[in-house]
């Protein structure tokens, strides 16, 4: 038997060397984006000052070269936003990969089976309730474990909507991918209609509602981050180890089952984990679009479809993208981060389609 | 929404929300209370949102998050103490020099922190989002939330701010002056027949927006001697059929102050509006004073006077 | 119905179907029966050619054999135990299916696809073990696909892709191979090579193979046991020489006897 060393290194997925290079590279990009975003904002607290402030906080003897307000800006205003951006971006990037594999559809994003619609309904209800029913004037101080009501209801709404979609889709016999997609679309449309109704009746809360729907990292404080982080990071980690199942699902249901995948529990587990991560992300920052759709494609173009690398790199890439998008939004001023991601995402998507159309004509 | 849409939308939102505040909000927040005028700090005040706000010392660096609050501060000779205003502030002229911390109706927390204020004047009724108020309070700043829903409450706000910044004398003299002018308007229109008055805030995407039922704007129209036709308390909209049934005798075009295409001729030509008495009698008036009518600051009395003049021209010189 | 079999080694069957029936249930209409009373036993080292016209139930037979479809009647046993007693992973470690119309996702390279065949045996969370790498290499050699390593699967021709898919199935290192039309797209040389490989594997490694072959003539290459399926029933089951009688072929495939005679290679077969 020819045991060629050359074949050996090609065989069996990415070698350790390539894996380290790719994931290491993604990590570097992510950390660089965090560093840049922390150093830029409406106020001049640049990177040297930031390093100095952090050093001082750690007890190192550093001469103060910054304004008295700089530490507050850094730790209380900028850092939570950057951390939120990293968390949400990572969650959406990873969940996007999972849904695209699960539904075998390149147009799928993490919101497609109802998460966005359900979370929007929850949050908008929380925001408009005091306006619609004055007796419920809950005021700015409403919090539960230090977290706003809108976040809690958004999280619950996201999970609830997906549960509804899964139950309905199962009624039609064995739930297959197309049924799931269509049911998700139908339920999302219904919930979105209710949200639209609330939007129109929102009165003075209109600006808040629109702001939430467009997505923003400004509303995330440390208490919210502390709750969202384990959900997003834990859920994503659990998804990362399921890379093999995701690869197999790409071969089609029959082939995947033939290779040992127990379809129903595997899909259910993936949907639940990905929905958990997505709902936590949406609860934290609203329905930020395009990250979950575009990042998986970008990463796939760069490093290929093997989920072993695709998942972790998409998480890191999504985090980097959102952190940088939020930085751009902050610098331009008053622009919701969802607008920036749309401005990046839409042209990229058109380019993707153009490329795909070109590819099908080549032999 | 693209950024341009938001830009166009924002002043509309602002005007809507300010103009159509309910005159008697429910649940009614406790009225601001003031300690006996000893000018002694630390001072504890209750703002329009019912919050207890402690001022440790006389504020030297004031940030205003709404144009009305800026105008009040300047009217109390505290313009030089302002270190942050909004990009919608346009009066008095000095405020153009002051850095903006609110851009396109979005409060930039970094800029607020950088301004290092010791008093923040916010707006109630979600004009300053309650999340922002919470965030600023959590950062340790004294935040006074002002939410005047009637002319009397504007005067009380002037007194509250005066108390807060140790300008009580200026506040008292200003309010006395304003009260006199209000009384004068009341006298001038006493006994006059109240025409059914429709104040057009905007016509946007086929929907007509006006003063909401029981709103501040409606109360101003009443004080100015008119009988206001009102829209939905929540959405401020009125259907064309309802407007035709109400049949105003006088139409005041508030949106003409911003949109040159809104003219009495254009309004008369609108589909279905020809049947309205005000149109038939040519009583459609451009209200260039809309910016002051809808800003609950010291110049609101200018607005009241402009309204009264428009409604009862014969009663004024 | 004659059930003459080749003398099989004295090992217990890997797969045993006993009077298996399967029908698709349809609301308001009678069920569409696809398999009727099918009995089939496969022992290690056997090479079985499954022949039959379109719609005779070959693909469904495979699906029922691995438990992807539940048998409506009868029993399906894998290594002596009912197939429903095994987990999917355990079944996949023993049986590999090469479907007729597989989905090939974009962007994967040949060796990555073949490595997916190792999934049922994979122990490592993070990647291929040395054992897996060797299995993949062996599979590539056996399927004559080594020259394709490094290329993207979606850029291969039909025949090249088929060889890669066969490699993937072989990498699974099953004890029973179910191949649904494995020779499609392959040129004659590769068809011959594949059958030779299958024959070699069954003799040297005791692999059992059931292959759906379209072309009865191919059976001449390996002299397998032939099972003839028609309308969901096993019509004949025995050595090629006995089963491939022109009259039987003509009836099952709905062709004329002279044609059947020509196809079955002429004189050496009895009528």
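Quick notes on this one:
Which chain is which? They are A, B and C, in the order written, and residues in each are numbered from 1.
Here is the rule we go by: a residue touches a chain if its C-beta (ideal position, glycine included) is under 8 Å from a C-beta of that chain, and two chains touch if they have at least 3 such contacts.
Small disclaimer: the values here were computed from a predicted structure and weren't measured.
If you draw each protein chain as a dot and join the dots that touch, you get a simple line with two loose ends. Two chains share more touching C-beta pairs than any other pair, namely A-C. Averaged Cα coordinates give chain A a centre that lies 44 Å from the centre of chain C. Spacing of chain A relative to chain B, judged by their CA centroids, is 40 angstrom. With each centre defined as the average position of its C-alpha atoms, the distance from chain B to chain C rounds to 81 Å. Taken together, the chain A residues at the contact with chain C in this complex read 1-4, 7-8, 10-14, 16, 19, 241, 244, 247-248, 250-252, 254-255, 257-263, 300, 304-306, 308. The touching residues of chain B, counted against chain A in their complex, run 1-3, 6, 13, 17, 26-27, 49, 103-106, 108-111, 113-114, 116, 125-127, 129-131, 133-135, 138-139, 234-236.
On the chain C side of its complex with chain A, the touching residues are 63, 66, 68, 87-89, 91-93, 95-97, 99, 102-109, 111-112, 114-117, 119-120, 122, 125-128, 132-134, 136-138, 140-141, 146, 149-150, 172.
Per the touch definition, chain A reaches chain B in the complex via residues 41-43, 67-69, 72-73, 76-78, 131-132, 134-135, 137, 139-141, 148, 200-201, 203-208, 210-211, 214, 218-219, 221, 330, 333-335, 339.
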